[in-house]
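You will see two complexes here that share subunit A, one where it goes with subunit B and one where it goes with subunit C.
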Partner chain A sequence: MNIIVIVKHVPDLVEELEIAEDGKDLNRDFLKFVVNEFDDQALEQALLLKEKGGGTITAVALDAPEIDQTLFTCLAKGADKAVKIVGDLEGRVTSHAAAHMLADALKAMSHDLILTGVQSAEDLDGQVGPLLATYLGEPHVSVVTGVEARGQMVVVRQEYAGGVTGEFEVDLPAVLGIQAAPQPPRYAPISRVRATMKEKKLVEIQAAAADGAGLNVRQMVRPQVASHAEMIEGNTDTVVERIVGIMAERGLMNG
Partner chain B sequence: MPVKGVKQAPIVVEKDSVTVRGIELKGQWNRMFEPRVIDDYDLTHLDRVAALSGGESIEFCYQCGKCVPVCPVDVVGNYGPRKIVRKLQLGVDLTEDADLWLCTTCMNCLRVCPKEVDMIKIMPAVREQAILDGKFVPPELQKTFENIARYGNPQGESPRKRADWAKEAGVPVPIMASVKRPVDVLLYVGSYPSYHPRGKDAARAMARVLTALGVDFAILGHEEKEDGDSVRLAGEKGLYETLADSTIKTLAKYRFNRIVVFGPHEYNAFKNVYPKFAAENGLAWDYAILHYTQFLAERLDQLTPLLKKPIEITTTFHDPCYLGRHNGEYDAPRRLLAAIPGVTLVEMGRSRENGYCCGGGGGGMWLDSFAGGHQKMRLSERRVQEAVEYGASLLSVCCPYEVSRFEDGVKSTGNDGKLIVRDIIEMIDEAMRAE
Partner chain C sequence: MGNVLVVVEQLNGKTGEITFEMLGKGRELASALGGELHALVIGGQADELGIADKVWVMGDGALAHYTSANHKAALVAAISAISPRVTLIGNTSIGMDLAAGASAATGIPLIAYCNALRVEGGQVVGTSQIYGGKVLAEVAPEDGACIVSVLAGAFPASAGRSDKTPVLETLAPPALDNRVRFVRLIEPEAADVDITKAAVVVSVGRGIQSADNIELADGLADALGGVVGASRPVTDAGWLPKSRQVGKSGLRVKPKLYLALGISGAPEHLEGMKDSGLIIAINQDASAPIFDVAHYGVVGDLFEIVPALTEKIKG
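Right after this comes the complex of A and B.
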């Protein structure tokens, strides 16, 4: 099975985030980036499928700061090819524009399956998968927690509230939004990443003109601190009394 | 020894008697049996370990068992080189066995092993192989590797905040990049004193003590990174090399007379491991390295008069494996403790050369939950119990891994209120605060 995995970067929350002067984006000058955790899950799912049934994996990303390192890490983990889509990609790219550019590039790449992370922490939009599937005319399933190859289709699992699991048969080629792989993403030893950087090259593809439609940010604000937690101190009796008091104040108790 | 389930009679191979220069020598007194089959097994896994660079000495083991009772992991579980060798003989693949991650590279086995079976080399080699082969790596360790690779510290904190502790030191803490002149002492702080709340306490105490002694010192600030020694011992050699390369190049930018380190692990890295790496990679590395207890012990004449406030307490001292056994320094910390007025030192049974391990070495610092699942109790908990058994009210330490480990151990063993844990530098700082 030939699988394409889409990866992207999100701002690393280890550094403080600042809002840009126009109030519509983060100040990108000082941002550090990390791979979107769901994309990491998608890659792990692809690697598991390849280990079981063979085939190839191609990691694809839109150009972004530090993205080369991430694509080489994908190669070090077991992807066969890494593609970087380059072009006019400054600042924040909306999911609509991203899906357009990806669809344009992916049309020309033969594949059975496209895996994306279900969403990214950046905008929690979750639209790249569905849009990509629409542009390519392929079926799409989202919030997937397991994929199994079965002949000319895949069986995918979705989890619902209350421990209910759904299984779908999906015809190939298809686009899947991965929530979690059946096992945690594997580790890429640094020596292997370094060796990969020497041995392999990233393939660059020119991006199509981006489509401007999609999510427009009107204003970005810091979350307001609504209330503070109250630390209850004292011995067990005082603590219990206070908890009971709070419950009574909030009308959570009868009498 | 049965062969394929059938008990074998010994085969007598020696002669009954021989005549040497006309003198008849009877053989009964040294009757020897033909060597009996003791390896009627598939030795693939043992051979594989022995074939690794660093794994060779696994084959030297003759199963005498001296290593088991001194192994700190065996005290709380079922472990030791003899047992690991036996499992390998019996066909267990060490790269897939939990035992691979339990050794803390404390070196107590090597101290007593007549055959020099060297777990300090064997374990990292097998771990590296397991990691390269994509075998199971405990998730907490994997996360730590990723944090160190990305941020230069195991905690996954922002590298830009590495020197934030200094803001509350109460004394200026100069940063190398801004002093723009040579200094006497480059203080290599390390990740735990830089980021861990209790480590920061010790770092601030250190800054105050050095200032009180009038030492001309500076730190690297956000240019400092994890030294990588424990990363290497945990099997991530590539990451260790990246860290060593970066630290060697950062230090080369500055001029100083000596490096004083907080941690025994940095001490071991800088003294024993970096020189080889630098030589192999055409880099310069020729520094005087001192653990802070050594640096201060050399200045006791100057320090002692400053220690005016008595600390009336019975303490015991935990020898860090990487200062004591690995580097032979047992006295400097004890001399410092002796200089603090009021302090009475009692020695635990397992001290100095036979010191018990806190469980943090060789990557153990980042394997606590995993190891906990394979042991009756944590090594740090066993050590805390020992300190209490010997009547100490204070457990003094001089390795930044230990304060948090032992404080957790005090709580989990129900010894809250009976035992406190302090870095020696905190005690010195305290003793300097005469009212």
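Right after this comes the complex of A and C.
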């Protein structure tokens, strides 16, 4: 099976996020980027499918700061090829535009399965997976937590609330939004990533022109929360004392 | 025309809460736009939808089981037939299949992760909650119609219920897309503990770092007579069973006390615990969204505070 895995960088949410002066995007100058966690899951799912049934894995990304490192990491983990789509990609790329560019590039790449991460935290115009699938005319299943190959189809699990899952047969080619692989994503030591950088090259493809999402961003703001936690300050002893006091007041200390 | 269409979500024959949350909001939007509130039922039952002016039923038996491909085809056909100004879809697993696909197929813009909606000068303005709840983006469609995927819990469900009888109208089903076929629904395995029944839930997130450290939470939960819950990365990593997961794709809990240890407070997690009686959060990141729902918060290292807290409680 020939699998394409699409990877994306997202701002590290543990860091402080600053809003740009025009109020329409994040201030991207000092952002720290990390791989979207669900893309790691998607790559792991692809690697498991390849280990079981053979085939190839191609990692594809739109150009973004430090994306090369991530693509080489995909190669170091076992992807066969890595493709970087380059072009006019400054700032926030809408999901609709990303999906158009990806669809244009992937049309020309033979594949059985395309795996994306289920979502990222910045797609205010929707997830790229279902957009891409629709532009390519392929079926799509979101929130997938398991994929098994069965000839010209895959059997997938889709997760709903409360731990209920649906099982579906999906004809190939298809696009799946991966929530979690059956096992935690593997790790590639930095030494192996460095070695891969010497051995292999990224393939570059020019991005097609793409329309936006048909939305105007009026402003981005930090949430004005109605109620913020009352913060408990002090050293560990003081903090512990206070928490115990709060729990005792409410009779919560003995179950 | 300013009609609002709510896509009814049914799984296993049950209408989800999100549907009523959208119907309530939809009623308000329809009045502001001078239009009607419509509901769309794909392959299911039109019960309980009395608040709508009209319920469209695409009742083909082949659509009875949800599949992404068929239901997307149905939704796209319905939007073309009804031409709503605003289409509301829940941001659930099903909604994540349908909303963006319908936007791509119809060319109608999509406002995703929406937690606030209003009409301003005849235009729909939505708020998308992005970056794990750290940023709100106010957006408006460039012109006319829009599709909106609505976060669970954003609007009150009570506003979406009524005993009235709506007008029913049938819609012809689309050509079927059988490339995705329903096999079965799998119920979760019976759990060792039921976290939804516990008075105290001590929940750990990615900040707990490893399976070995779970015993820290076990110790605290034991001291409090509670149980250990978790965020999704912890159950995905196999550090705790899936039955302990709190949130959108896990369980909803409402204990008297919810302790959030090393949990950032992503919207998908908050969905499962924000109604707890007392929420205390310990997190190293002062800007973590968990502090927006917690009653008390500590910016600090859980590995220092939790052992000390457990000792103190044990006395």
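Rule of thumb we're sticking to: the second predicted complex is superposed on the first by the 218 of 255 C-alpha atoms of A that agree within 3 Å, B and C clash if a C-alpha of one lies under 4 Å from a C-alpha of the other, contacts with A are read in each partner's own complex, and residues count from 1 in each chain.
In this section, a residue touches a chain if its C-beta (ideal position, glycine included) is under 8 Å from a C-beta of that chain, and two chains touch if they have at least 3 such contacts.
Fair warning: this is a prediction, and the values are worked out from it, not measured in the lab.
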Mind working out whether A:194 is in touch with subunit B, subunit C, both or neither, as first, second, both or neither?
first
By the touch definition at the top of the document, which applies to A:164: first (subunit B), second (subunit C), both, or neither?
second
If you stack the two complexes on chain A, which partner ends up touching A:244: first (subunit B), second (subunit C), both, or neither?
second
Let me test your reading of the model: by the given contact rule, A:86 touches which partner, first (subunit B), second (subunit C), both or neither?
neither
Is A:14 touching the first partner subunit B, the second partner subunit C, both, or neither of them?
both
Counting residues of subunit A touched by each of subunit B and subunit C, the higher count belongs to C
Identify the partner contact of A:184: answer first if only subunit B is touched, second if only subunit C is, both if each is, neither if none is.
both
After superposition on chain A, the subunit A residues reached by both subunit B and subunit C are 14, 184
Listed in rising order, the residues of subunit C that touch subunit A in the complex are 11-12, 16, 66-69, 72, 92-94, 96-101, 103-105, 107-113, 125, 128-143, 149, 177, 179-188, 199-200, 224-226, 232-233, 236-238, 242-243, 245, 248-252, 256-257, 264, 266, 277-281, 285, 287, 289, 291-300, 304-305, 308-309, 312-313
Please output the residues of subunit A touching subunit B within their complex, sorted ascending.
14-15, 34, 184, 186-187, 189-194
Touching subunit A in the complex, subunit B uses residues 131-132, 134, 137, 139, 142, 145-146, 149-151, 156-158, 160, 236-239, 241-242
Using the touch definition from the top, list the residues of subunit A that touch subunit C in their complex.
11, 13-14, 16-17, 19, 26, 37, 41, 95-96, 99, 118-119, 121-131, 133-135, 139-143, 155, 157-171, 174, 177, 179-180, 183-184, 213-223, 225, 227-232, 236-237, 239-241, 243-244, 246-247, 250, 252-255
